[in-house]
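Got a structure for you, questions after.
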Amino acid sequence: MRRGGLAFQIDDVTVRFGDLEALRKVSTSIGAGEPVAVVGPSGAGKSTFLRLLNGQTRASMGDVIVDGRPLSDLGPGALRELRSRVGFVHQDLRLIPPVRVIKNVLAGRLGRWSFLRSIAAMALPSRAQALAIHELLERVGIGDKLYERTDRLSGGEQQRVAIARALYQEPRALLADEPIASVDPKRASAVLRLLTEVCREAGLTLVVSLHDIERAQEFFPRLIGLRYGRLVFDRPTSEVSSETLRDLYSLEGDRQGDRAGRALS
Amino acid sequence: MSGGWVGTANRLPGARAGVILLILTAGSGAAAYLRLELRDLLPTEAGLSLMREFFAAALTPAVRYQAEGVPPGTMPLLIKVLSAAVATVRFAVAAVTLSMLIGIPLGTFASESFWRATAEEGRANARIRRAVSRALYLAARVAIAILRSVHELLWAVLLLAALGFTPMAAVVAIGVPYGAMLAKIFSEILDEAPQGASRALRAGGAGRLQIFCFGLVPLALADLVAYALYRFECAVRSSAVLGFFGFPTLGYYLVAAFENLHYGEVWTYLYALFGVVLFFDWWSGRLRRSLAT
Amino acid sequence: MTGTERRQQVRALWHDRPRRPFWRRSMLALLALILWSLWTGGFVGTDVLSERRLASVARFVSELTPYPLRESGVSVSGWLAWAGDLWAQRGQTAALSTLSISVVAIILAAGLGALLTLGATRTLATAEPYLPSGRRVPGTVCRAWRLLVFATRMVLALLRAIPEYVWVFVLIGVLGPTPWAAILALALHNGGILGRLNAEVIEDLEPERLAALRATGAGRLQIAGWGVAPLALPRLLLFFFYRWESCVREATVLGLLGIVSIGFWIQDARARQQPDTMLFFILVGALLVVLGDLLSALARRWVRDGR
């Protein structure tokens, strides 16, 4: 399934929620097959940034261009088509709680199935599907949970189900919003290694938001720093100094000014 | 109806006292309007002896016909009771089935989260779509309010007058108001279900029907089934009462026995109804508990 | 891992998957029950579409037009005048009686429910509620309390299982067709329901505060009155109004058996074969039910949020 990654271009995008600017005039681009980590303190706009990339959040100003096509031009069908090719790991997981793990993973393919086909698959997953999903689950370390009920799993296990679901989409880009928030440190590195490896092998674009700066530096060659909705830096990891990072997370800084800048009225 | 208000007991004592005062005022007003007098509660001499006989029979329900000289070949009383109970259940089950056929689509249209989950994104005549879905939503709500407000026995009266006597009239009479009730509850269940799953499916490119079927329905299913089973219990009662209109359920035989002054037989029918209701009560309770863990 | 190994492993996982046997069996039983009823019930016959039936439906529909308007032709004002007359003559009293019956009935039901709750609540009806003193309680005493709870719960279940309509039927035989028959019928059935709901609420109360009351030497009834009742009141009021809603609904039909209320006039019109009047009273009943739902929703909000 070497289909190549998707290229994203973010063009002077502002995202507003009421009078709050979650992102402010952000411009950057992410090349096909490139792995990038988005870092920044809580409320910086990381989730908003990721959700922007597959049109879950709409830009109030500016536009996102995916593989040469502006998202604002896509009709419902084209948008669905694009989304079915973008794996998304939500920060709050968003699994279907009362069904078996295998169905949650299968749900990743819904975007590419007709309604009848999806009914058949969800009611009675085929042998081949079960095997493929077992393999995926094994790679994230929960192969034995294939037929477990999803809401009986621990938080970390559920997080890995969400990752498996995104991978099962056979995506051309993978967007993961804090995919290691609730797994233990050792497992966290394994998950990041898996994500970067899968994406490198298949040539997928990978955008991950992370709180864990050290792991971001360890696994990603490029970092995007967000703070109060502004793009603070965007460079190769080797060029991000510890000074810059300290500023990114410092609680004082020019917060006052940023706050004023973020409020519109 | 559920929630943790018990803990807030002392926060709103004023409102509560007001409510109780209101209830008592309304009660005395209503009693005055009806010219209720305790004296009327005392049964007449005849009523008293009837009452004594009737409640005495509660302890000795009949197992054999109380009438003398039952023609040979009549089916034994207990068999008759059993077949009446079976007929009662049959009407109830058919009615609840119909109510699900009515209630599930209606409840879906009457739930906000259905329309939210299935709203189309992207450009494409969004205004018209929104207007249409809004209209369907309101139509469903109005239909529920109207269908629900007419009691099942009144539906039966109407249908019997229109159709004449047919078993279908009984099924429709119970099924329609129950369907509206189910629709109301189903829409509430759907609206209370967490939205995360359906949003995730949408973000993965799933279609609207898929979002509904796999992102919302599984979350509501258990509650819906438990509720439907509880409605079986109610439907059994309603179906027994429809016997008063001539349908061959428990009520029919009960009236006949009462009018023949065979109170022992009346109690046999009452206990049969009790047993059936108790069974469905047990079943829905057990199912609810098995889902909770 | 080879393909065969994986296949075996998946099969093993499938074999050991967590199951919900009760749920599964219930669903199968339900399905069988439904198929059996539809199969043997004869509810869906072609008979419904027979010519005779269709003719009877057509006649019925034509007779829904108010009788005085059948010659002159239907107009909104004509209909309103007809309905207004009917309302003034009988509708108003019938609606108010129905509403009054439901109000008195639910108050009596609450009283009866409260009384039975005392016996049906496991946390109250025990030898030493909320604060075991450590004294050994004789086995017979424990058993007596348990028997009381069981018996009360059976009585509650019986009250619940017998529909209001049947109660009215019996009570009219005893009392004659007075409003009391309808009131008592509603009170008995709903008392059974409220008693059970109350018992569940009270059993879920946190025991600590009540234990403190018990420690001051309060007796069982004092605990119920000064500890339990205030704590559980909001929930009990919510149930009260929720059941009142259903009382209004039921009260509209109880008159069918001869008590002066909406149902009485429906039955009357039915006997005289006047579908127009029948429909009018059915609509009055529906309005009453909607009104009841509305008032009940307002009252419940008042109880819950203080406005």
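Points to keep in mind about this one:
Which chain is which? They are A, B and C, in the order written, and residues in each are numbered from 1.
Note that in this section a residue touches a chain if its C-beta (ideal position, glycine included) is under 8 Å from a C-beta of that chain, and two chains touch if they have at least 3 such contacts.
These numbers come from a predicted model, not from an experiment.
If you draw each protein chain as a dot and join the dots that touch, every dot ends up joined to every other dot. Interface comparison, A-C against A-B: more C-beta pairs in contact at A-B.
Relative to chain A, the chain whose mean Cα position lies farthest away is C. Every chain gets a centre from its CA atoms, and the centre nearest the mean of all protein CA atoms is that of B. Inter-chain spacing, taken between the CA centroids of chain B and chain C, is 8 Å. Each chain gets a centre from the mean of its Cα atoms; for chain A and chain C, those two points are 50 Å apart. The distance from the centre of chain A to the centre of chain B, each centre being the mean of the chain's C-alpha atoms, comes to 47 Å. Note for the complex: chain B touches chain A at residues 120-124, 194, 196-197, 199-207, 209-210, 213-215, 218-219, 221-222. Here chain A touches chain B in the complex through residues 54-56, 74-88, 90, 92-99, 103, 107-108, 110-113, 115, 118-119, 122, 165, 169, going by the rule given at the top.
The touching residues of chain A, when paired with chain C in their complex, are 100, 127, 130-131, 134-135, 138, 143-144, 146-149, 152.
Remark: chain B residues 1, 5-12, 14-16, 18-20, 22-24, 26-27, 29-31, 33-34, 36, 40-41, 43-44, 47-48, 50-51, 54, 89-91, 93-94, 97, 145-146, 148-151, 153-154, 157-158, 161-164, 166-168, 171, 225, 229, 237-238, 240-241, 244, 251, 254-255, 258, 266, 270, 273-274, 277-278, 281, 283, 286-287, 290-291 touch chain C in the complex.
Remark: chain C residues 1, 3, 6-7, 9-10, 13-14, 16-18 touch chain A in the complex.
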